[in-house]
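Before anything else, here's the structure in question.
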Amino acid sequence: MATHRLLSDEEAARDPRVAAIFADIRETRKTDYINNFWRALANQPELLESIWNRLRQVMAPGALDPLTKELIYIAVSVTNGCSYCTHSHTAAARAKGLSPEQEAEFLAVLGMAAQTNQLVTALQVPVDAAFQVET
Amino acid sequence: MATHRLLSDEEAARDPRVAAIFADIRETRKTDYINNFWRALANQPELLESIWNRLRQVMAPGALDPLTKELIYIAVSVTNGCSYCTHSHTAAARAKGLSPEQEAEFLAVLGMAAQTNQLVTALQVPVDAAFQVET
Amino acid sequence: MATHRLLSDEEAARDPRVAAIFADIRETRKTDYINNFWRALANQPELLESIWNRLRQVMAPGALDPLTKELIYIAVSVTNGCSYCTHSHTAAARAKGLSPEQEAEFLAVLGMAAQTNQLVTALQVPVDAAFQVET
Amino acid sequence: MATHRLLSDEEAARDPRVAAIFADIRETRKTDYINNFWRALANQPELLESIWNRLRQVMAPGALDPLTKELIYIAVSVTNGCSYCTHSHTAAARAKGLSPEQEAEFLAVLGMAAQTNQLVTALQVPVDAAFQVET
Amino acid sequence: MATHRLLSDEEAARDPRVAAIFADIRETRKTDYINNFWRALANQPELLESIWNRLRQVMAPGALDPLTKELIYIAVSVTNGCSYCTHSHTAAARAKGLSPEQEAEFLAVLGMAAQTNQLVTALQVPVDAAFQVET
Amino acid sequence: MATHRLLSDEEAARDPRVAAIFADIRETRKTDYINNFWRALANQPELLESIWNRLRQVMAPGALDPLTKELIYIAVSVTNGCSYCTHSHTAAARAKGLSPEQEAEFLAVLGMAAQTNQLVTALQVPVDAAFQVET
């Protein structure tokens, strides 16, 4: 299923902006494989450039390590119910060294967070003054 | 705002199950302060017991460190739009040592994940075979 | 907070469609009190008519009793994170006889559903053939 | 599609905790069939135990009857957009006696709740004092 | 996948209300094709009537043009993660003249809105008085 | 409520990047007023720069007019349940000329989209081949 075509390498080569991003993806990730998200986004070259350039910067190692960033990404993706994103970032987290023990704990936290979010909303708990920052 | 009352310590003391959980919260967290979520949940003693006992176990240090667990918790809470949960777990993450640099990167990842989730869904990108596990 | 004014009875009386719906709400519910949702929606008389007329029909006793319908309504509202809706339908469910024991079980189901939804999405579980209807 | 393998009975038999839960599922449900959710969750034996044991308790008959609990479960699942959960709990509700008339009314309530939630949020309606509990 | 059968034309002809709505869909849309949503909803004739009659009215040209209405519809559908709805309304928007340039800008807005929503929620920004209407 | 402080003009002036963005916001919008979102985001200068620069570009007039872009933005914000975003973009849409008639129709579309999304998900309608693009 799709609402937008996935561009082949041949099609990507026709637009210099798309070609440049595809080349950068391949170099950054040290692989010839370009996953479907980028091939779909390539229908909109300006958006492709903007998203890839920002994503590369945001997911680079920094004060948080790459695996932690992937776990945060999966957490958002699962909560948004994004199947593609859950698949792709789970694969990425495993490639970055997620151990089975870490995955088990991660899933347990995901489930508890969803549960307590739901209960807090059902109970409409007022925010403690201690948790608020003075504006 | 609330749909359930917040139980005072005096009211909590009337039900031995609630009293026991409140005592365990105080001991586990090394503070006399009990935040509103537990005071609201105390209207349902069985649920209070179940949630607290599970949460204590899930959030304990393990293969993932407590700060990473808090970041995952915030990611779910923000994505669910739970104001109380966002406040309480942001406070908890800071208490567990979240640095301003980590917070800045965390926010950047949260924002990108929401954005790419949205684009993936708009484009209805099919999942790459490479991301799928054989069932 | 609001993005639309709440119409007073005096303002409602100026538009015959709004006046008629306000009269019908009062008669149907056997109370003079008109809650804020209707006062905000009254800025759009056509939408007010459409929503009230449909809601009255949908929430009437039928194959499902009114309390069960309220519980379903709260379940959707909590999951959508709608604070106003959670407040108003929790109040309605209590007015329709929700007991504390029922409320405790309801909250437990709400929490479990959120948790298992989250885990199913994280695991990306394929749907069993046994659960699918032939199209 | 999946991010985690579905464990076969043979694989399940290798871990005594998983084997015990699978046996309990079969006995409780009076069927040899174990659906994919449990086979995926079985990759995390501790989580499998925790979820099954809690779910069995929460969904048991009590102050709310089992069919009502299933309807609440579906309402949360649909609102979260969980396809697997919607399939499995719709099947369960039918197995517990959901009539076509009840299903038609259920769907009508689901749709109205989603619609009025959306309008309330668009209008940002302030919560009536009458709906709030004193904290 | 489905939880409800898709009614064939033959089955639709058995219920006069369903037959009448199917005829109206065909006439309004100037096509013999009836998409799956209506065939699934036809299992509930009353709901089918209510939804179609309201939708026809809401999506008709008015103060907002039909293409703008479709874009709003897609925006809600993507944010709700509704795959079917995203597919059907993207097809409808293209049929109503959505240009590639408009689609590229539309996707850019969708992505930014998701991102800033997420950041606003993470930061828990208080609403400016200037944005609030006096109630 | 807030999890991050709102920076005053004096504080903003201490970081040259923040000062430059605040100046650009004022010039672009032809007003001295800087709303709370930017004051909260200013705690993370890099993120502030990235978001403002991209937002300015995305929301500029193009193939879609600025009012249409605001309506799409509100649609996403309402569906995500973001109160701040709903307030701020509703105010922006009015400033850009949203008429009461347009607003009434917009709200009607928002409500219908939420309702049919919910029904589609409950029915788990399979996507018509006619709506799919060949990948």
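Per-chain residue numbering starts at 1, and chain names A, B, C, D, E and F are given in the order in which the chains are listed.
Going forward, contacts are C-beta pairs under 8 Å (C-beta built on N, C-alpha and C of every residue); 3 or more make two chains touch, one makes a residue touch a chain.
Model, not experiment: these values are computed from the prediction.
Taking the definition of touch as given, a chain qualifies here only if it contacts chain B and chain C alike; those chains are A, D, E, F.
The chains touching chain A as well as chain F are B, C, D, E.
Repeated interface: B-C and one of E-F, A-E or A-F share more than half of their contact pairs by residue number, and that pair is A-E. When chain centres are defined as mean Cα coordinates, B lies farthest from chain E.
Among the other chains, F has the CA centre that is most remote from the centre of chain D.
Think of chain C turning onto chain D: fitted on CA atoms, that turn is 180 degrees, to the nearest 5.
Centre to centre, using the average C-alpha position, chain D and chain E are separated by 27 Å. Separating the CA-averaged centres of chain B and chain E is a span of 34 Å. Contact with two or more other chains is made by residues 1-4, 6, 36, 47, 50-51, 54, 76, 78-83, 86-87, 90-91, 104, 107-108, 110-119, 121-124, 126-127, 131-132, 135 of chain A.
Chain contact topology: the protein chains form a complete graph, every chain touching every other one.
By the touch criterion given at the top, residues 74, 78-79, 81, 83, 86-87, 90, 107, 110-119, 121-124 of chain D touch chain F in their complex. Taken together, the chain F residues at the contact with chain E in this complex read 1-4, 6, 33, 35-37, 40-41, 47, 51, 54-55, 58-59, 62-64, 68-69, 71-73, 75-80, 82-85, 87-88, 90-91, 99, 101-102, 104-106, 108-110, 112-117, 119-128, 130-132.
Interface residues of chain E, counted against chain A in their complex, comprise 81, 83, 86-87, 90-91, 100, 103-104, 107-108, 111, 118, 126.
Across the complex, chain F is touched by residues 1-6, 36, 50, 54, 127, 131-135 of chain A.
Those residues of chain A that touch chain E in the shared complex are 1, 3, 43-44, 46-47, 50-51, 76, 80-82, 135.
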